[in-house]
Amino acid sequence: MTDVPWLLLMIAVPAVGAAVVAGLPAAREALARPLALAVSLLVLLLAVLATVAFDTGGDRFQLTTAVAWIPDFGVDFALGVDGIALSMLLLIGVLVPVVVGASWHETPPPRPGRGPRSMRAFWAWLLLLESLMVGVFAATDVFLFYVFFEAMLVPMYFLIGSFGGENRQYAAVKFFLYSLLGGLVMLASVIGLYVVSNSQLGEGTFAFDALRQLEIDPGVQKLLFLGFFVAFAIKAPLVPFHTWLPDAGTQAPIGASVLLVGVLDKVGTFGFLRYCLPLFPDAARDLAPWVLVLAVVGVLYAALVAIGQDDMKRLVSYTSIAHFGFIALGIFAFTTEAATGAVLYMVNHGIATGLLFVVVGMVIARSGSRRISDHGGLAARAPLLAGVFLLAGLASLALPGTNSFVSEFLVLIGSFPERPVHTVLATLGIVLAALYVLLMYQRVMHGPARGVLAEPDAEPDAGAAPEPADPPHGGGGATAVLAAPAPARTRRVPDLSRREVAVVSPLVALILLLGVYPQPLIDLVTPAVEATISDVGADPGGNTPQVGVTPIEEDD
Amino acid sequence: MTITNYLVLAAILFTIGAVGVLVRRNAIVVFMCIELMLNSVNLTLITFARASGTVEGQVIALFVMVVAAAEVVVGLAIIMAIYRTRRSASVDDVNLLKY
Amino acid sequence: MDGVAAPDLSFAALAPLLFVFGAAAVGVLVEAFAPRAVRHPVQVAIALTGAVGAFVATLLLAGTREVTAGGALAVDGVALFLQGTIAVLGALSVLLFSERALDPARSAFVAVASVPAGSVRDRELSTDERVQTEVYPLASFALGGMMLFTAANDLLVMFVALEVLSLPLYLMSGLARRRRLLSQEAAVKYFLLGAFASAFFLYGLALVYGATGSVRLSAIRDAAVVEGGDTLLVLGLGLLVVGLMFKASVAPFHTWTPDVYQGAPTAVTAFMAAATKVAAFGAVLRLLYVAFGTAEWTWRPLVYALAITSMVVGAVLGLTQTDVKRMLAYSSIAHAGFLLTGVIGLGADGSGPGLAATMFYLLAYGLTTLGAFGLVTLVRSGEGEATHLSQWAGLAQRSPVVAALMGLFLLALAGIPLTSGFTGKFAVFRAAIETGAWPLAVVALVTSAIAAFFYLRVIVLMYFSEPAPEGPTVGVPGLPTTIVVAVTAAATLVLGVLPGSVLDLADSAAVLVG
Amino acid sequence: MPASVPVDGLLSVAWLVIALPLAGAALLLLGGRRTDRWGHLLATGTVVAAFVLAVASTLQLSGRPGHAASIDLFTFIRTGGLDVSAGLLIDPLSAVFMLLITGVGALIHVYSIGYMAHDSGRRRFFAYLNLFVAAMLLLVLGNSYVALYVGWEGVGLASYLLIAFWYTRPAAATAAKKAFLMNRIGDVGLALAIFLMFAQLGTTSYAGVFGEVGLLAGGTVTAIGLLLLLGACGKSGQFPLQAWLPDAMEGPTPVSALIHAATMVTAGVYLIARSAPVYDETPTARTVVLAVGAVTLLIGAIVGCAYDDIKKVLAYSTVSQIGYMFLAVGLGPVGYAAGIAHLLTHGFFKAGLFLGAGSVMHAMDDQVDMRRFGGLAKRLPVTFVTFGLGYLALIGFPFLSGYWTKDAIIEAALDRGGWSGWVLGGVAVLGAGLTAFYMTRLMLMTFFGKARWTPGVHPHESPPSMTAPMVVLAVGSVAAGFLLVQVFPLAEWLEPVFGEPAEAAHVVAPAVVGIVVTAVMTVGVLAAWLFVGRREVPTTAPVRVSPVVTAARRALYADTVNEALVMRPGIWLTRALVWLDNRGVDGVVNGAAAALGGSSSRLGRAQTGFVRSYALGMLGGAVLVAGALVAVTTA
């Protein structure tokens, strides 16, 4: 099993799939969708097999493949995963089929006076994006990582720009430029790292393992750290580098929003763990207080801003920014518990917020509006939809029993011994989280029928229909439209269709399963986390209280 | 007369040429100013050749003359073409391409 | 007295030059004597033979390191690599010139240049399928001048080469069949400013000659060791740099670039943007590192400042352009700045990775920009090209292939990984950082991000906008343009994905003699 | 240690107590409409089964040495220094709660079968109830603070779902959200307490924490104690987080009975009792508990006097009674047993009262305004009798439940001695008088006097499925106190948990206390008779009233304060931040872009198209270049 180049396959399969989909003749266009689903499921299978082949007690990097790529720059096409990266690959494996399912009826934005545009490009970009996402997590060569990091922007750019909402051009360009700017600053650091390796090792290299051994001057470390940090802080995003996300997350089609917030942004936090900490331990320690301030400000600030949003997708985007604050807190507290929590958070947030985006998309597909104020009383018409919406929301506010609780709890409890003040402030965020989730839920689902639902309806209780059909307004372009003109006929609001149930079920199951029994995932990531923590010079053994030995500081 | 005088004279001529390019509107005159700059360089070259006792400078001056002649051919052709079209040789009139 | 000793002349080493100059000379004869009917194919064949022959010659000469022609020419790795690059770009440009399928009058060049634009005769001729073929020998001459420029080991040869490459270009700029007023304006602006810049170069030459007593680069270097700080010498250096930077369109000597790029026939613009840049930087490298390599401290801050100015001016001014060609002109200015970053990364003794990096960048940029301009010739409206950006809206729906290729070229110009542009940028920035010029690299990276905006804007227009009701048509190119676009696109990808062998080549060629 | 004795028999499957209702909830929620017909029966069955299992487990427990069993189920979270296992701790304290929850829970399930018979969402209702029971059991049975926290938030969720059960009413939806949020504020305290324990002790299990808490510095323990108290206040509706509980009455009445009277709101008392070893180390925190209890019991009692909404009066009564319990557990070892005992008896009589109120509302078409009741004693005889017994138990009528347990608390408070003992005892006695007043007022307005019904209402007695649980609870209301204090003394049963309380030196003789309290109660009853019983009750509340009444009617301005101090600034802050984000943070970004664009067009103006100006630029550049070079070299 270990001889199979799993990672290479996981990159190649969707890439080939993308090429095939893009090359489909117009007459066979209908094949694109099932093909995309099949490919994404195959990748999921590969991810599972790779996990089986992975030995949690083994080397830090496993399933490695390395081929010299650009010898002049010392670049290898080197792949390998640790537990952290593997968990992200699993997340990708799970989310992409879900996204395919959720985007099944996606339609491109309407073109006045013309027929519908082909969706082939959508599926091809989606698969290409999957391939590049796998690559970015599987790369163990910094140059290769950078290449994937930047290349990943292109498919997402086209997904937002071609298939997004009314303001998609602005959002796509903003997303691209923001990320590119960060990426270019990181490029400076990448090159700097290479130069340092060149002077210390005699030949320049980008291999992660070799770079980790470097003894970099603290001043230089700080500069290099900042280069990486800015890129990742934009990607993650941390306040104040975040303003692209609400626009991109809002304008992107639902499937792309899920991947954007669920996976793409995790590259930022993943980068903190994989690159910022092990490569620049001194700088990481020196600058951690500043990062933690950003993290805590992000938790509170983004949550408060989320409360003030009327656009559901925008609101969810802001909640993600708050969650990324928690993740950053967990990473830069430099304890095994907190960092494990941060990694779990990355996975769990992908699942929970992914579900939230998917469900919000389903709501929008029914109402044709992203505005919360256009909704009300939906629970009475679509109880199942409401239930899943609530569950996703509860996972977002980290209710115990959902997966997010485990990660948020670990982040906070792990950070507290090291950073009590930051942790106390961040803990206040859980009240705000409850507020933004419940406010949105109440306004959309509770109360009397309002907005589009209040329009005359032939069947008062659409939920009573025995087998509701797919929502009539498709997904889609519609999921990104702020307020579509109301159709002439009366509006039925069906409950979840079978397809939609199939889309949300895996995520619902994972939310509960990982909420109740997270230990296997913890076991998977803990060795890698411990290695990272010891790289940064902290004790990976975790919190060791010294009861009765030293005077104990008071709680602040 | 010292060498410096020649050099200063050449520099003055060069400057006059350069300023001429800036202030004159007629393309032909502008071009003549450029020729003046080239010839001031020739003077400089010959002065230096004389000072250092080498012939290279003089040879270069000959080359410059040849090149300048070629430039005249090309330049006048272009200016003629545009003059015929516009009935004007003012460089300020060729102002379609900007910003 | 033995009379004048015949200079040593290695014909083998001069083979590339002989090929193109030969082609140019034959072309002139053909122009004079061949019947009009056969002229076009014959001229194209001759010009192509010259360029391709030169390219093959550079390949065969690989590894040569000699100074020949009485010390006036240096045939070394850099010269051969850049000559090869110029030859390739020249051959591709000739193919672009020879395209007959796009314009309804079967050529992008004016039938009779001397007929006043807008006259009755001109209107008659504009639909005439008569083709003027003088552009081919002119191109060959320019090509020869460019190749000579990169090998010039002597300021005089450099000056002559400068003129040989410039004069034909002045003429070629004015040869457009459509929008002749713009074309003629471009020609006159290019000519006047080019001549003005030549005068500066020449004055610099004279001052250096006065300071060192020689115009041979090696002799200047020897003198500069002794009197590096001599005012006459540095003044001369400054004026020489001004002349060269003009050709390389480095700000603040860039002002002609947008106007000329926009006005000239697009194929000529492609040729200028790609090949002239290579030649100019060849000369810059040679001047700075062979002649003034030991007085490097004098010009390094200057080049530093010029690099930053050029990057910022190119990137910022490019933001608000509304014409594709003009936008690419500002892109060219910004790229000149990036290239100077590589020049900075050369290190005191001309070692360092900067030389190879700059050479690679020139190759990558030349091919990409050539391809981009090649695509511009395809998008047409009425009888001419549609270069206004608003006309490009929704292009992806009219022609997915053209839009995709343009997207590729633009991403390459923006420096997105897996394109040649990224490899090149990486190489030059690495060189800069390695020699300690990291602030310059950071500025370069930030301006890259700014510049990316205007490339993205074109992609946004092509892909995300609805086409205008009476938008442009996308012409079906003939074989020549197809070849050009295919080759440049393939090169853009290959140099991005698997650049190893070409980087190796550049590395091994990164030797300056003289 | 109890853990050393292997767990066998029914105890080894004690997790089923939690799992059964949980499975019921899952089945009902996932099963959808297919379970509509029998779902409520299944739900009731799971809770009854859980009750049976709980009784059996408790019996088996009493036979074990140490009366405790610790059961590890699986590893929940283990990484670094943190090791949280999912496990149960069944000891006398948790067993008592287990019985209360499953017992009262089962009764209320039965009651709900009738109460919700005609509601289209009945299946959902029972699913939520089951979910609540499971979460509440986890709360009391968990063997670590983390497990408690999981249950803690779980009951919060169930409470949210049930308050918002009739979610089409905006008031219900808002009340649910308010409840959840105020609970979450408390949860922050609980969470921070857990973090602090982990940071200082490296563990979160009860065994670990209690074993080493004595080694901690005093300040730390006090911090832990206060943070736990914050959590307890949120969950139990204690000052200053009491405002959500009355609003929670928007939920169906069985919910009010089970969650907001008998069980969930007493979780705070459980938390403080459970954390006795922590509070043993920190008199400061314990004093704060006392203060909170005393203040709250007065607030609840005062506000209860002014409301006309029958359920809200009962809700404030609950707030007040839980204040008593806090007071008790704040007293330390002398009060624990009394507090828990009061909790149990309160569970009976308050649940009974709520069910009775529900029965009244059922009869009166969901009318809750007591000014629209009156004269119902004859129409609803069973309800009247059971409600009456609950009423008597609550006001501490001699020898009924409340008498025994409330007296014990007042005694313990007085026994504290010193001025604080007198103050606390005084407050408790005053509270007893107020309780008698507002409850008598309620009785009089509801069951006596003239009928003031809304036209068209025809009161009728509720079906047996509803009256039966009321009867059972009434019996409990009458007897539980006597049984728990005199027959099977709870204090002894709880000794393994709290230790043997030192025999207190009585400041005031118990008999005297009994007499005084009874006297005060009588005064309260008479006062109510004077104010309400003698006169015609107007169907609309009088407008011209004294400031005291106005204050009480507005719940002593709790909502006003919350609004002024939290909500309005919060809304303002949110709006300001949204503005800041759009205009400020994003504005900087867009502004930078605009500035670049602007400078681009401005610089572009320099590209005039005039050859001569280009030449000037070049010349200028050349001069600069040459000048700079000369300057560099000559410098």
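Letters are used for the chains, namely A, B, C and D, taken in the order the chains are written, and counting of residues starts over at 1 for each.
Operating definition for what follows: a residue touches a chain if its C-beta (ideal position, glycine included) is under 8 Å from a C-beta of that chain, and two chains touch if they have at least 3 such contacts.
Model, not experiment: these values are computed from the prediction.
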Chain occupying the middle, per Cα centroid: A
Chain pair bearing the highest count of C-beta contacts: A-D
Rounded Å distance, chain A centre to chain B centre (Cα mean): 65
Between chain B and chain C, centroid-to-centroid distance (C-alpha), Å: 25
Centre distance in Å when chain A and chain C are each reduced to the mean of their C-alpha atoms: 44
Geometric centre distance via CA averages, chain D-chain C, whole Å: 78
Numbers and ranges of chain A residues touching at least 2 other chains: none
Multi-chain contact sites of chain D, meaning residues that touch two or more partners: 604, 607, 609, 611, 615
Multi-chain contact residues (two or more partners), chain B: 18, 21, 30, 91, 94-98
Interchain pairs in contact, sorted by label: A-C, A-D, B-C, B-D, C-D
Contact set on chain D toward chain A in their complex: 29, 32, 74-82, 124, 146, 149-154, 157, 160, 164, 167-170, 172-174, 176-177, 180-181, 184-185, 187-188, 191-192, 194-196, 198-202, 212, 215-217, 219-220, 223-224, 227, 573-575, 577-578, 581, 585-586, 589
Chain D partner contacts - residues on chain B that touch it in the complex: 18, 21-23, 25, 30, 91-92, 94-99
Complex interface listing, chain C residues touching chain A: 397, 411, 414-418, 422-423, 426-427, 429-430, 433-434, 438, 441-442, 445-446, 448-449, 452-453, 456-457, 459-460, 463-466, 498-500, 503-504, 507
In the complex, chain C residues that touch chain B: 113-114, 116-119, 156, 159-160, 163, 167, 170-171, 174, 180-182, 184-189, 191-192, 195-196, 198-199, 202-203, 205-207, 209-210, 213-215, 258-260, 262-263
Complex interface listing, chain B residues touching chain C: 7, 14, 17-18, 21, 27, 30-31, 34, 37-38, 40-41, 44-45, 47-48, 51-52, 54, 56-57, 59-60, 63-64, 67, 70-71, 74-75, 77-82, 84-86, 91, 94-98
